[in-house]
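Both complexes shown next keep subunit A, but they swap its partner, so subunit B is in the first and subunit C is in the second.
Coming up: the complex of A and B.
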């Protein structure tokens, strides 16, 4: 290999350079190599880097995370009890520290034309099924954390849907993190491909056992064929000490519909990148988001929705509640290419600040190169209206409860867009709990 | 041949024939070094402190890099190929009559309804001293002096009021601020100085237009306005009439200082040469404008109508330092042909109960590109700060583009911050409605566009607003269809 990495991420690749040869076909090795070169060619982003203007990597680099090549086998299905959501009936896929754990997963009955499972297993069994799909949606020029993920590409989750297949029950993808002696990074890579007219629901959850320190750098590639429909609920509830990075790369063919609901509650430092590319006309992409940034927590969202073909619709609706020394960053970009007429985009970011020392940095951007479009964005930052609080208090409701009720009302708009009742209850409860213990200064 | 060249040729042709001999000595050869900076200062007979100030800026400028983040594209500027000093034109070098002026320019003057004598003045024709506005200007100066308002060129002020200049010049936009501000501090040619004493309400709208001696202040203009406690001043910059200039690069600096309860209203109409149909030869307008609301309850209001220049790069800003101070920004920017505008504002809320309003209207036609870039920062001590931002873009034609890049940083929970942006085109329904009532398409568009910009025009002084409306219609002529 070409010497050391100039940018402090050597350890993220430490296990990668030798090992990949054993896993998967040659074409994948080539892609890993290209990605490694891309990592080497980049320097660590600083506040001078536009995409990292408000987000410092200092804390993450100080931890000295390393990729560790060992799987945890000690877990039993019983250990999952505390993290499962009661009443949620799903095809369950469990990853432990980024590795697919078949002994914990319950795939259940699957209709013909659906393949679910671990990436590594499929690479061994049928690499050709992945050849034209893996690492294709994310693009050639990969930013640092995507390139790191590709360079260390090794395991993850795969869902392949043939034409017109419909899955009634949701797929539940659980990222379970278990603390280890040394701080480690897991870089799972997921691929979800829906053929023309296929329909599915994916519930993606990030959870941990204990409050350990670790880092997740997950990447999802999602491709929707013509008329395909995907509902995607993402609930990030990492350990309070964790660092969380996730990149979602979405490609939509004509008339396809995607709805993603991004709930961010956990991790002390979390960055989410959502990248949408429309490939066919009349596709719809709906991105909803709710984040709670509590004391010393950072929630960072980056959206990049490119209307490159005419007549597509996108909605971006993100809401945040901040308390303690919480910080939130929202950086949303909607771009409309020349000739992408009749594009319709509406972006909104609303923030509720509950404490003196919270901070919000928001940057909703529009880049419009066509004239017959409907594009708008709106942002607000404010606190709970004293009148509303007074109204509730005058009816005998205590101040903390009134505040909580108003916050839940604010959050409710997003929570409602989750697909299952059990999930909505689970998230409402979690939000309520966090608000209850929230320091208001 | 471009029309700018046409003007240049007319101007240039005269010294081909050797009418004058000493022109070379009036204009510095291209290039910039310490010697040139010293020479500029010496030429203007500046006191020692000014020379040192320029040199300090120049030395710092050498360490700076040209910014590249704006969404504007132009060939690299060679700063060594620019001449940094040229004495004002002498009457015998100017065109002798309107016949020598580009007919397109005259046509525009007529459409704007500019009187003949003024047309001559605008076109740079040597005019007799009996010309109306000279006497007007004299009257103006008299009543200003009575009120105690200082209104003169920066060069005069450096001599006559050195203590005010030393105290305030560069205190809002220091030479370290940005590349072009640094360059300006080193080589600024001239500009305007306004000082309004305590409690004085300036009796009239001030405008460079009436400051005859300030003609040809050149490409590196510098403006400083100081409003002492409780005073009020309204200042108009620029002119609706198209301005031609042989200097392609304009890097001006404007500093406003408002003390307790003072109010400054600064209005700009900019209509510099935008270049030919291919965008060649147009003016690069890289301006740093900033207002400092130093005192409590002070107010600074920027209003701008930007229709000219090939490239506009400007962000009039407000530092809201005083408690309860107010910042406002109203802007209409029009880009057509190959024009590019990257403009917006910064509202920095530092004091308590500060409030700011931003209304930005962008109109892109043809292959014009337009970027709103703004920052609203609410600092950790800015309790009760409020901001309302609205930026709307109107697109005419499918080759133009409009970008919106707002930055919002909030560090106090009591802040109330709203930002809205929309991008749309003139709807067919609106057009159809107007046309069914017998308006031509062009009139209909001009009517709709004027409605779109009304919020901003309302902020302009009366006679300016009327001219701005006409200007907008002319700017958009031929853009539709």
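Coming up: the complex of A and C.
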């Protein structure tokens, strides 16, 4: 990995000493090289770059993040205590700073036809299983952070389901970040492939030990075969000092169903890109989102849902609670191709502002090129209704608790789409805690 | 229990209450009647501490305490309760959670132990029966999508649960059919006690057939212009508010 990158991201790709380029299958090394060139060919997005108009990379670049170059091996299963969700029974895969940690993972009994675990481990054991699957969905011309992830592609999470396999308990992917002396960036690559008719629930969590400074640049590739069903709960609770990037690339065959619930509570700066491509008719994609942006926190969402074939349904329903000097960006694009008749899409972004100094830039867009479609979008930016607050207070409930109850009521619509009661409780509690310490102005 | 003297209040810069005198003793039930727009709800809101109602003169004391300087929740914690004319919908706020938060806030403020989940549930099931309300109500969001009648019954249900010392029922009868009216009235009557006072605000005397008041007041243009026994309500019904207004003007 030589050659200087002209855009400030050199250190993200400085060679990992344990795994010099060339280790692993040739095809993967070729892909890394192509991605590196793509990184090199791009300049750093600025406020003039349409996708980055409201989101500055300055703070991120100033940190001088360098690639994680050592594995954390000192962690014991006990260290996970504070992170596990009581009552959540799962097949658990743990990554630490982007690397699979088998000693912390509890895969449990898996039916035949399910492969679960670390990406690197599978690359070493059976590279051919991944050759036609890895780095497929994301496409050829990769945007900067995807290209960076691909150029450094090394480890991550993998779940492969053969056709018609069903898993009853959820899979829980815990991405744990542990602070290092120097600010580090981890770039995990996750691959989820469901064969025709397979069904699964995936709970994906980003957590940290302590409030350290680090960056996560994760990429997920998800491919759903015909009739496959995936419920995907995503809970971003990074350290309050962290930077977080996620690119989720979803490909759906005919009649498949995907529901993603995106909960964003942590990190000081977080950007999530959700990209959906329908490959067959009558597929359904339901994207739900809840974000809290507190003081000096940025939550940035970009949705790109392309109805390129007829008769698919998509829902984009994002809600935000902003307080202090919190900022959020919602940039949602739903496009319908000329032949994609009977497309059905509804996009909504609603924001509850608890302070004067919070700010949200919301930009839902529909690009419709077919005539027989049902598409809608709506956006609101509002405050707590005084009569609601008065009603609660007139019942003896203090103003701060009443505000929290109303915020949780607002958030509840999204929280209830999470797959498990234990998870819903966990998220409600976390939202409540954050609001409790939120300044009221 | 409640003593209001010379109360004047503005809403949106306009004077609505114009020197209101009114007092209620322990265990008494007072009816306030008056034409639309006479200030009945404004009076109820001023007593409960709603923002945006500017008191310019007069006083209101509750068991000797100055009500007007207290926050709405503090008034509720002292034992004041307002059954809203238009109960507010709280989408996403679970009814059980709401009721528990309300009851425990009040108990806590009084230095009494909060109820645990089991005894709380037992208590609300008991109160639900009194108002002929279905259990399923507990799982729903507060007032969200409730019918008019359900909303009014939910108000009285909350009153039954919170056991206030002074309850103000603001047109709890409006929009109820005769059966619902009877249920609500039975609920209210079940709560009558020598320690609990009530102010029943109504536009029609119909409700007073079910809830017998000790005193009836007539409110017109922000002032009590007439007080009397039950027969005053019947007289009003017969002669209409025009009669009172004419007298009010003359007074």
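A few comments on the model shown:
Going forward, the second predicted complex is superposed on the first by the 431 of 441 C-alpha atoms of A that agree within 3 Å, B and C clash if a C-alpha of one lies under 4 Å from a C-alpha of the other, contacts with A are read in each partner's own complex, and residues count from 1 in each chain.
Basically, contacts are C-beta pairs under 8 Å (C-beta built on N, C-alpha and C of every residue); 3 or more make two chains touch, one makes a residue touch a chain.
For clarity, every value in this text was computed on a predicted model and none was experimentally measured.
With subunit A as the common reference, the superposed partners subunit B and subunit C fit together side by side. Of the two partners, subunit B and subunit C, it is B that touches more residues of subunit A. In the superposition on chain A, contact of A:209 is made with neither subunit B nor subunit C.
Look at A:409: by the touch rule set out above, it reaches subunit C but stays clear of subunit B. Judged by the touch definition given at the top, the superposed model places A:378 against subunit B, while subunit C stays out of reach. By the document's definition of touching, of the two partners only subunit B reaches A:368; subunit C does not. Of the two partner chains, subunit C is the only one that A:401 touches; subunit B does not reach it. Residue contacts after overlaying the shared chain place A:422 against neither subunit B nor subunit C. In the superposition on chain A, contact of A:393 is made with subunit C only, not with subunit B.
Taking every C-alpha atom of subunit B against every C-alpha atom of subunit C, the smallest gap after superposition is 16 Å. In the three-chain superposition model, subunit A touches subunit B and subunit C at no common residue. Chain contact summary for the complex, subunit B toward subunit A: residues 69, 378, 380, 393, 395-425.
Interface residues of subunit C, counted against subunit A in their complex, comprise 48-52, 71-73, 75-77, 81-82, 84, 87-88, 90-94, 97-98, 101-103, 105-106, 109, 141, 158, 162. Within the complex, the subunit A residues that touch subunit C are 385-388, 390-399, 401-402, 405-406, 408-413.
Taken together, the subunit A residues at the contact with subunit B in this complex read 50, 54, 338-339, 341, 351, 353-383.
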